[in-house]
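Per-chain residue numbering starts at 1, and chain names A, B, C and D are given in the order in which the chains are listed.
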């Protein structure tokens, strides 16, 4: 992308027939805004993308927006490069599972979530349902085969808060930014519940944004005013899918957990000693990182200054640092790094996932 | 440091007798400002430090400032932790060199540099002289034994430019920021010349800030209005020194050069696979990094957004990314990362140096 | 505007028939980006606007972009409110001038400007020609009747610089930001020349960005990579126009020149003592301000900190201050305030213009 | 001030005998930091100032800090100029009040405030007591003669919160930033109570940061980690004081309330039509402004973007705008503008105060 409105690369790929517009099921990308409330690079990209697909598919941009999850994280701090990953799907499922599992994708949108439920148990359950539905669509039956769940959750705007109050309903907070944090927490709990990472007894209003020992190591959740329902993208490996891609993930213990990066790559059969070799890099298709500035103000005992900086938002700081680390190990700057990782990976840490081509595609699998 | 005026840790160490105030010869540190013209955390720290040493030594802060180089880099972006390294020296040189080389330090201050010479060949030669003088003080005879040279150069302020003009002298630029870049370039050329990295025939006004194939892989140069002469700190290994510390360095090819980090550590006998183990980390005393956002706008073929960001200064971006990478490999966030690396390491890259205790101190060496 | 992609207000006005899409001749607006190189709110707004007009007019967005100047200034610092002013024109000119002059608008686009001419005398002359052409289109014969000239100039990108060099041509600078300043200077000189504010003998390469005593008090110039020719909007009063609007302007001596604001309003028959009364505010249709942080570092003898701030761009600082001042006098936050005012108004100052309905529309003028 | 550590102007004035160091009772100033948690320009200035006074008075900096309130507001956005106002007091009170009231100052420090009381009714009462005590010291008996009360309140740090919990006490919030807002609210309520602006029945935990119709039009409150008691500076007019200075104030209805600026000046016998004339400006000694970005997101019906800006803190935005407005009316950029005005002036507005020499000093008053 030469700028946030530039979808010419996808246009070219579509024109060349490498991907068919009708096969596109989801987009995950990074644009070069600030990643905050006033980051309009996401809206600009989405408008440009949906306009392109609208011309190609004859559907209105609004219809497409409702059908194709488009999750964008603003902020390419440091070495990070603006880019987007387009997921496409074609063919029909075989009658029986194959011998090898390949990358599988499923998407789902929950029913609209009322403002009074945002950031509460009802929200958790709604996300969990959507995750299960997306898993079914992806033909992934074992939770362990799910490696990355991207969720976009609604939050509470002033307008929604007042509408709820007018109906005698109470909302968890009328602070929009705070409601986004609660929504992300609920999204993470929902994924953890659906994947069996937590018991349903652990789902409790009081645990959200409080008990950070509860987390999903496969949830990547964002929250925004532009949605009124939970949008879910499930990525995993399924024997019902063919193709030569596979996905892996690892939790990150803290912002220095280079081991998690190396192990995730190893899971994909890629060595990084200390950096991925050029030939292996060609196999790597996407890397997703979720991270968070440690809320306790220190990393391995030494003070960091991210949380007290009035000039640069803490999420921008941590994205830049993690971006530098992961890009250095991978040897490529097209890394998806997103902040706001409450209950997504260990407290003060986060998670990393990657998609790569297999070294050798088994015979019977195409 | 709990804030930029906090020198209580040094105060404690001095009180405990671990270090003697009169042995302190240099300080290199990172404070948590923005690293730009309006970064006053450096002045605040320097005032606090000199006030502490003044009380201990009975010398005025101004005298101390002239005697003890205190090089601070503002900006602890991302995971970086504010900290400072205090260099102290004691004892007398033995009549003959020992069998093993140990960490050696020498400092020098050039005569005041006239404004019309800043950023030009005369500046280069002045720095080269000071480097040689500091090497002699450190008893380092072979240029290859020098591993890190920190230089602070004067720049051209409006006042100095006008004074020069009044005398009929021309300055290279009357833009203060631009003059700092020229001064850093001249400093790097000076170090390269003194260390034999370049021939004196390569020293040419036209090459500064133009021919980026010319560089020193051991120079770390800053420029500021607060000095009117070149201050030099030379760090290397010398057989005239005892003690159990040694220093190593590597050039960094670009902002993703994790290999340089690993190899520098290996030079110190420390393995990072992928991270330095806790027991080895205890031996590591300091890490210094110099880096620069690639001026061509891309890293390994992919666009970065550091240079066009009106919200966050490009140097803050690159320090955050390199800080994340190096801290991840080292497993510690107390890393000195400084930007403005013109001619200091390969173009688009920079350099890394580290100081560590030796695994075993040879018998005859104490 | 609720966000930079929101053109619903114009959509509504067009649907209600208050303005006809085919009558729209120019747009001047403020969006809420940072106003720098990475301000994508301008592109987002332009894409949304042209998409709206394209649907209404059946022309392609690209054709519309070439026909309708759309000048956006990013940055609504402080109290400023994002907004845009749509200029529309209808009817035919009468055979003879009327008794009263009314607001008149003319637009022109110069031939494409070669990179080697940007920021030089040829650029000045090209702008001057375009201004004269737009004046003719607006039926304004006397330069004194011109009150505001908005110019968008091309600048020198790396690509254009290299293309020029390949042809053996030299460019004034290959630094894109610096070329924008030269382009703005050339634009201001061009307006000044066309309006007789300077003699052609004063047009000299050496005067641009050097002799700040040369300026136009009616030029508002921006420069950007998105144009390759000079786009000009001339606003003035002409007896060939009817309607109940008129325009006035005043130069601003410095950033504290509240007198210029009050006098410009008085020229429009509006009193501000100290603030415009509600009934008069209803008559005021638009206010345009051009300003610049004083390059000498002080305002009326006291240091300002805008130029040395690494956290907030100097133009953002000055827009916020002038926005606060003008909005306070006017009593409305929808003020167009733009920085980068080299040679546009006195050094360290700028200019202000306003458009208002006349108190009483003379009988024979409708 | 040429930088935040520069107290040379005061040093000169003391050396010249214009002011005696032992007469200094308070300092109010603006430094050029960001005004946030990581604004170290305040600490740097305070250290420099107390070091200067310590050398002159032979008292330790710590003693002086406890005796002389030094209130600094970081942030000289836009045209604002870094500066500080030094209040000195000499002579003895006459046995009876004079015919004319002159500027009077009183200071007080409350007993240390326990963490569990911060931001609650006990905090309000503690501030009210200190205000009354400072009024008594200033010999101001009528609340109406008080025109500006500067308060610095303690807030709740993590350490204080935990200490309180260990004793079984609950704190109002353990979020430091939030506790500062509560502390400022309590400070404003305390001033309002002491000055009779509100009844003691209106003092209720539930009203703080909720009922913004309750406010003091003379309170300017800041909160910081560096104090554990409430520091109060009362400024007013008293017939027990001589000298040729007087003070006035006005509430500001919103960020565009230029009328309040003009009326406050008129109260001091200074006309601004539209700007203070040079001869009158010489009489004006200090201007203090307190302001707040309107929390409802709009000013006079039009959206502002201050609250949603991830790049520039909202307080920086509003200080820049108000600074531009007030400096434009006054004709001088040395204006104290401070944000965080909860319950200090009308909601979305704030207050302004000024100190000026009287036009003619009555005979019997010296």
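Points to keep in mind about this one:
Everything below uses one rule, namely that contacts are C-beta pairs under 8 Å (C-beta built on N, C-alpha and C of every residue); 3 or more make two chains touch, one makes a residue touch a chain.
Just so you know, these numbers come straight off a predicted model, no measurement behind them.
Of the two chain pairs examined here, B-C and C-D, it is C-D that is joined by more C-beta pairs in contact. Of all the chains, the one whose CA centre sits at the greatest distance from that of chain C is B. We define each chain's centre as the mean of its Cα atoms; on that basis chain A and chain C are separated by 42 Å. Separating the CA-averaged centres of chain C and chain D is a span of 40 Å.
As a whole-number value, the distance joining the C-alpha centres of chain B and chain C reads 47 Å.
Annotation for chain A: residues 32, 34, 38, 305, 311, 316 touch two or more other chains.
Listing the residues of chain C that touch chain B in their complex gives 34-39, 305, 308-311, 313, 316.
Across the interface of their complex, chain D is touched by residues 3-5, 32-33, 38, 40-41, 43-44, 47-48, 51, 311 of chain B. Touching chain D in their complex are the following residues of chain C: 1-2, 32, 34, 76-83, 255-259, 261-262, 272-275, 299-300, 302-306, 311-312, 316-318, 320-325, 327-329, 331-334.
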